[in-house]
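Some structures are shown below for you to check.
What follows is a pair of complexes built around chain A, which joins chain B in one and chain C in the other.
The block that comes next holds the complex of A and B.
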């Protein structure tokens, strides 16, 4: 076959590119690298092992579901300054004993103190430690994934009343309840909605702004599904703790299938 | 030719990735780290560690205005270009750190010298301490214990601490400052947020002038001749301009949204 040149070849290439582009979403959708599904009692659990290998102590087990019943995200992630990534917070025994981080509550009064006899309650190296208590939350509104608990509904229906602060009360509530409509990158994907109010019920504005999301929609660059799946943007919380990313419909409500 | 064109096109693309927002969280400075500045213009050339300057200790004793207006320190780290020679002549750090001046009953140690003994070297590391294992005269936790608490930054409500008289920052140095009759302090005013339903900002001149006088902000940061003349957005503030000149690094951080956006929405 003689080599094609000129406009015909260009048109063919363009045609193939368009077909590929049209096919891409359908193919890619099924291939989203979703994190593995976990048993409900393990979702949001983590092992903290920053310095433990050096100090020969077992990693500390932490279950978000146990804490979020009693405290909103902002208490630990804003007031106490815990980072949003496991092992990124410089928690030390000395800091805890001085009333920082875990020690803000684990002082022997609000919760068990940091003493020899209690070590194993945290430093047990078991991701599923304390799972027998999971039955306590089984009465809460149900969801399909994650902890199988609809935490937002549980809060809205006042089935749980997590504290919003420990020592320093936030000055005023920002009652910013604008719901954003975010157009998807792909034409076949219906837009995502973002209700501010459902988030501020748990979080401080500054938990997300301006580091995770710039305050201007246009200013947030590379806000793409692929990046979310790598733990950026919504993925900071919605891969590990908040309802998992596999719940497509909860953000993209007009989507036909739930997964 | 084409290769160069491709490179020319790709370089800005990759450069934009480097500056792009990451969508992740940065590490939040610990209370004692907040307001910390590392000054390293000339230190390494002199064979010394960079200077670790902590705002929390100085602001408990002196107003912002004193150093940033009367003494002339810039508002951005490492833009002042402090030289040992200048300190020795009594400029910058040397204005107070001259071995003669006192704060209360405490003599302020001398900074930088051309002649020094082995014993004096210890004094160098009181400032040139970055990366050195040095026990400081003041411990952050003990020093700030008595001050009212705040959520972010140093974890100290400096404004309340001053109001309650727990600290009395010095605003005048003989021979450096010149007393002028104070201008009438303007009334608090509101700034409307650009985004609907966002609470309005209540700006208090009074709260600012205690620390800053007028000259720290006007006219460089805010033209200040007429309200509304300087146009700025929250995005610029986050970038360290306008309110962000102080409220990202030293004064209570922008993380505390409600401290400015405090007027309830009607």
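The block that comes next holds the complex of A and C.
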């Protein structure tokens, strides 16, 4: 068969390259084992059961979507000292009753108190406990995954006004708003962007630096998808509470498709 | 200072009378009566006030130091080093507190100090 030369061959090569370029994000996505999609009312829910087995108490159910309407992440994960990883913080009844952890709000004034009659409101062992209240957030800006709520937009549009502190007022609004552009591991996958401002609206700098992102140590090249999917880096929040990893385009905005 | 501490302070100064249990000396020998319990209560009050003030002192210092993480990027190297030093001093004071306070505040303090250190190390070297 005679070899094609000239403009026809060039056109074919260009066509193949364009096809490859369009397919790559989808191929890349296929290579990453994304976690199974949860019903919207279960996304961000967890059972706190660190000491329950020992004390024969049902695990406590916690829905992030119920709390994040009222409090930013920093309130619990900085001011109250809850670790990001579920069950990494030992929370005892005595501490709650002394006004620490859940007891900072569940004191009978701000929220129901820690009394025997109220136990089952938290210690019910049901991941979906309180899902009937999910309809309250259905009017918020819509997203394609997770709780199906665009929480960032809801905050920016002032549709929700979560408190940023309980007792310790941050000295000022975080003014750092640099947006980082991070090259993807795959040549054909467009870069990821990281807007600090959207994150500092919810979090404090020390929530992420240096424990989760110690860019001083190794730069940013090791923020690989495989590690993110194991719960490191962005995966600390974006696998469990913040919009899920399957929303490719929200981090890689130049992607042609995110399905 | 909380109401409880003010109350202790008043007791300490003698503005609030305490029930006096007098240690009876040997009346026969005419030994003087000495209000031991009252004296002890006032000493205890003094210690209580001291403890409460010390605790409030570290809480205030903790809030002041850790509230600045949000502006850490605007702080100079000297200011960051100064805050790291304050965190070190606070650590020693929090370690003297009861267990749950230690658990909550040492973790928060560590986050705060690590961040200042991170910012300090991220600063370009002085020319």
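Quick note on the criterion: the second predicted complex is superposed on the first by the 223 of 259 C-alpha atoms of A that agree within 3 Å, B and C clash if a C-alpha of one lies under 4 Å from a C-alpha of the other, contacts with A are read in each partner's own complex, and residues count from 1 in each chain.
Throughout what follows, a contact is a pair of C-beta atoms (placed from the backbone, for glycine too) under 8 Å apart; a residue touches a chain by one contact, two chains touch by 3 or more.
Note that the coordinates shown come from a computational prediction; the quantities given were computed from them, not determined experimentally.
After alignment on the shared chain A, the placement of chain B and chain C results in a clash. Within the superposed three-chain model, A:88 lies in touch with chain B and out of touch with chain C [touch as defined at top]. Applying the stated contact rule after C-alpha superposition, one finds that A:181 touches neither chain B nor chain C. When both complexes are overlaid on chain A, the residue A:98 reaches chain B and chain C alike.
Contacts of A:55 after superposition on the shared chain: neither chain B nor chain C is touched. In the overlay built on the shared chain, the residue A:211 is in contact with chain B and with chain C.
The larger set of touched chain A residues comes from B, when the choice is between chain B and chain C.
Legend: residue contacts after superposition of the two complexes on their common chain; A:168 is shown touching both chain B and chain C.
When the two structures are aligned on the shared chain, A:110 is found in touch with neither chain B nor chain C. Looking at the shared chain after the overlay, A:222 reaches chain B, while chain C stays out of its contact range.
In the superposition on chain A, A:232 makes contact with chain B only, while chain C stays out of contact range. Within chain A, the residues touched by chain B in the first complex and by chain C in the second are 78-79, 81, 83, 90, 98, 167-168, 170-176, 204-206, 209-211, 214-216.
For chain A in complex with chain B, the touching residues are 78-79, 81, 83-85, 88, 90, 98, 167-168, 170-178, 204-206, 209-216, 219-223, 227, 231-233, 235-236.
Those residues of chain C that touch chain A in the shared complex are 63, 66-74, 100, 103-105, 107-108, 111-112, 114-115, 117-119, 121-122. Chain B contributes residues 20-28, 30, 141, 149-152, 195-199, 234-235, 238, 254-259, 261-262, 264-265 to its touches with chain A in the complex. Those residues of chain A that touch chain C in the shared complex are 78-81, 83, 90, 92, 94-95, 98, 100-101, 167-176, 204-207, 209-211, 214-216.
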